[in-house]
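Chain IDs A, B, C, D, E and F follow the sequence of writing; residue 1 opens each chain.
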Amino acid sequence: MSEPRLTHLDEAGHARMVDVGDKDTTRRVAVASAALVLRPDTARMLVEGRLPKGDAIATARIAGIMAAKRTPDLIPLCHVVSLSGVEVEVEVDVDAGRCRITATATAADRTGVEMEALVAASTTALTLYDMTKAVERGAVVEHVRLESKTGGVRGDWHRDGAA
Amino acid sequence: MSEPRLTHLDEAGHARMVDVGDKDTTRRVAVASAALVLRPDTARMLVEGRLPKGDAIATARIAGIMAAKRTPDLIPLCHVVSLSGVEVEVEVDVDAGRCRITATATAADRTGVEMEALVAASTTALTLYDMTKAVERGAVVEHVRLESKTGGVRGDWHRDGAA
Amino acid sequence: MSEPRLTHLDEAGHARMVDVGDKDTTRRVAVASAALVLRPDTARMLVEGRLPKGDAIATARIAGIMAAKRTPDLIPLCHVVSLSGVEVEVEVDVDAGRCRITATATAADRTGVEMEALVAASTTALTLYDMTKAVERGAVVEHVRLESKTGGVRGDWHRDGAA
Amino acid sequence: MSEPRLTHLDEAGHARMVDVGDKDTTRRVAVASAALVLRPDTARMLVEGRLPKGDAIATARIAGIMAAKRTPDLIPLCHVVSLSGVEVEVEVDVDAGRCRITATATAADRTGVEMEALVAASTTALTLYDMTKAVERGAVVEHVRLESKTGGVRGDWHRDGAA
Amino acid sequence: MSEPRLTHLDEAGHARMVDVGDKDTTRRVAVASAALVLRPDTARMLVEGRLPKGDAIATARIAGIMAAKRTPDLIPLCHVVSLSGVEVEVEVDVDAGRCRITATATAADRTGVEMEALVAASTTALTLYDMTKAVERGAVVEHVRLESKTGGVRGDWHRDGAA
Amino acid sequence: MSEPRLTHLDEAGHARMVDVGDKDTTRRVAVASAALVLRPDTARMLVEGRLPKGDAIATARIAGIMAAKRTPDLIPLCHVVSLSGVEVEVEVDVDAGRCRITATATAADRTGVEMEALVAASTTALTLYDMTKAVERGAVVEHVRLESKTGGVRGDWHRDGAA
């Protein structure tokens, strides 16, 4: 591999999928959350199943679970992990005009599952938006964030004062 | 997570991908079968390689193998499993007008591979239909079913009197 | 391209994705159906939402709709079509132990959408199996078949005496 | 289809991919935005290319563009649209600790491309999080929202006072 | 969008999926080729169907056709095109130790289908390698290249003296 | 399974995904390379970031990494492996008109990762072609080949005199 006139372009700074082969396989759990902020009347239609596209919450939860499994297809440098479980909860506060999504991903693997939980929460929120956008185009996804992670060499992590 | 006015929508009954992290990793084998019932003259064209779209059986077997690997993309609550092998056999009984498909999936994992075998058998049958539908639109896929499974905590299972 | 000693392996008979560029773009509708045959007590658990994996029917319908969109990834020689709509209905006859699935695919395209409807019906049935298999491993998918197609140069087609 | 004892489960309220075959094909443009809120020192590492996983912004922009193309795989009831263009911009305000993402999707199709723009913005933000999470696990994705849409029968829409 | 302290990172030079909405929809054809160079005895096993993994040529051709449909998933800035046809030919010159692959992609679209033809040819060649690598690990894919393209505003293009 | 009049079509010779369940899980590393041969002036535009589609090298490297993860979707008989790392390097020799790509895939698994490394190298090269084809349609991908593999029962392998 001795090509003398090369212009090397792969010095530090370029993206790579870091080798995690030396890390231990441990049980990993990550919890992420997101919120969809919408009008109370839209939230009411959602809860009462009166949206034109149909059952928003069941659709959104399944979308979130399926998206978690596709995380390595979406996030370029994510490893393929063997998810052992995914759960997505949706709570709707009609008066406040707010759907709160909590996604939990678990795996026994060499890397964490934070991105899987975040992708699940985010996709659930976006699917809720898709189901409601015919009646309210301006709803906003807020606070897509990690709540906690456990397992792995760097130890556990919990967001302070997570709501 | 104490939001007082919430309407909880995730009580028991909503879909989730169950955590299998506590299950043992064991060798799993599942066999599934399916049949495509078609006219004897269509079956003859298929066996003799005279279909307009080309070699139906090679195409269908490969489709079945590839679909098995994509099972978690198709079946929402299926776990991603590390398939160690997939085989698909197609037998054609020309006089009876019947293609019989047998798919075997194997893995060393925490969950069974029944769905992988069923998806392989079903996709093989549908691909055979796709290859023959220009000459016979009314062919029917029948008897997509599990024949046996071995491995896993709940023990082995074999269909009684499987044909 | 004059290589004299070639062994030609691509004579008639080998698979190809036929060029449909000369066909007209017309409105296409295809209806397919399938059935999952299971025990009445399993059917009752399914209808009453008492299955361990959760809400089977909502999950299965969404799986069928999503699978329809992925038909060209599954069926090797299927064209990518612009589906304009997909609907999946699930009817459960508890006493007869039977879930009947009807999938309708529509598109304005150069090729028909029979495979999209069949993939939707088949995937819905397999997902129902996945949701129920913890309580009944022996359920069988039957009668995956085209019910009708309209649009396209070859004219409409309807199954005689469809049940 | 006269099965007398059926329990009909597909009454209004269940999800379906609405048929848009009667809508006109018009030029559609949607703009969505999102923000990743992080610490100024993390933002500085990002801008200066000193993150352990490499070049975050190039990676995130490409992730956003690729995700836009996969929107119908992620959002269950989204139609497959022929995107004619996708652009993703990332602006980093180091002092404020904020990456602002703007995604523009365009198509000539029967349905809008709001979801494509939102998926692009959201995936770009999540990829930036993935690239920075080794140095700051608590960064948050905020304000994933539609900024404007043009084209389609329902007319144009612009967020009031969009920041 | 007037944020004064921004560090703009999206000046010219960053990747984008160029908007082709103003281009005309015309019939596009692209032909690409590739070669797998291997030992004559391996080529003989391939032609005679004696490879351990099975029928290499049928498998490789189907892989090439399916990969063409997935081009926008693989090549980041490729548009999703409506392929109207894909054909893959494989010719084996046993004495010369050479498999020559020719892939033809056709579409009526706003962008060309060069990448689809190249992805088909390349994936066919890599699949042939996968099928033969148990007997010869050192085979090499050579000359993956466009042979011709027709249609589109920039006119037709043909490789001079294509072999 | 005793159907007397069957025409057996699955004798030796048909494709199957071989069961690797009995192989040991060992650390596997594979290195593959490829080259894109283009005109020096095109190579110069690429290095200087003056291509119409934007930053070619960052885009191509990410495309290669993402494609490696999708290898089992592309190569029909490849197993799904748990890649622990993927790196792609691109070196451009402007005067020689040559981009040299080196891809390294690592995993702890029962099968090798040669195909993952080859798919990464090949997709990187094709993406570079896609980014440059507006200025030079005739560039050619050459020498897509395995350079070395380590791990696995059959021992290590290194190409002699690899350039």
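Observations, loosely collected:
Here, a residue touches a chain if its C-beta (ideal position, glycine included) is under 8 Å from a C-beta of that chain, and two chains touch if they have at least 3 such contacts.
Here's who's who by UniProt: A, B, C, D, E, F = Cyclic pyranopterin monophosphate synthase.
In this text the structure is predicted, and so the values were computed from the model without any measurement.
Shared contact partners of chain D and chain F are A, E. Between chain A and chain B, two chains of identical sequence, the interface residue sets overlap only in part, with shared numbers making up under half of the total.
If you average the Cα atoms of chain C and of chain D, the two centres end up 29 Å apart. With each centre defined as the average position of its C-alpha atoms, the distance from chain A to chain D rounds to 13 Å. The set of chain C residues touching two or more other chains comprises 14-16, 18, 55, 58-59, 62-63, 66, 70, 73, 76-77, 80, 82. Taken pairwise by the contact criterion, the protein chains fit none of the simple patterns, being neither a path, a ring, a star nor fully connected. Of all possible chain pairings, those that touch are A-B, A-C, A-D, A-F, B-C, B-E, B-F, C-D, C-E, D-E, D-F, E-F. Of all residues in chain A, those touching chain B in their complex are 27, 47, 57-58, 61-62, 65-66, 69-70, 80, 82-96, 100, 102, 106-108, 163.
If you check the complex, the residues on chain C that touch chain E are 1, 3, 5-10, 14-21, 72-73, 76-77, 79-80, 82, 110. If you check the complex, the residues on chain A that touch chain D are 12-16, 18, 34, 49-50, 52-56, 58-59, 62-63, 66-67, 70, 73-78, 114-115, 118-119, 122-123, 125-127, 129-131, 133, 137-146, 149, 157, 159. Contact residues of chain C toward chain A in the complex are 55, 58-59, 62-63, 66.
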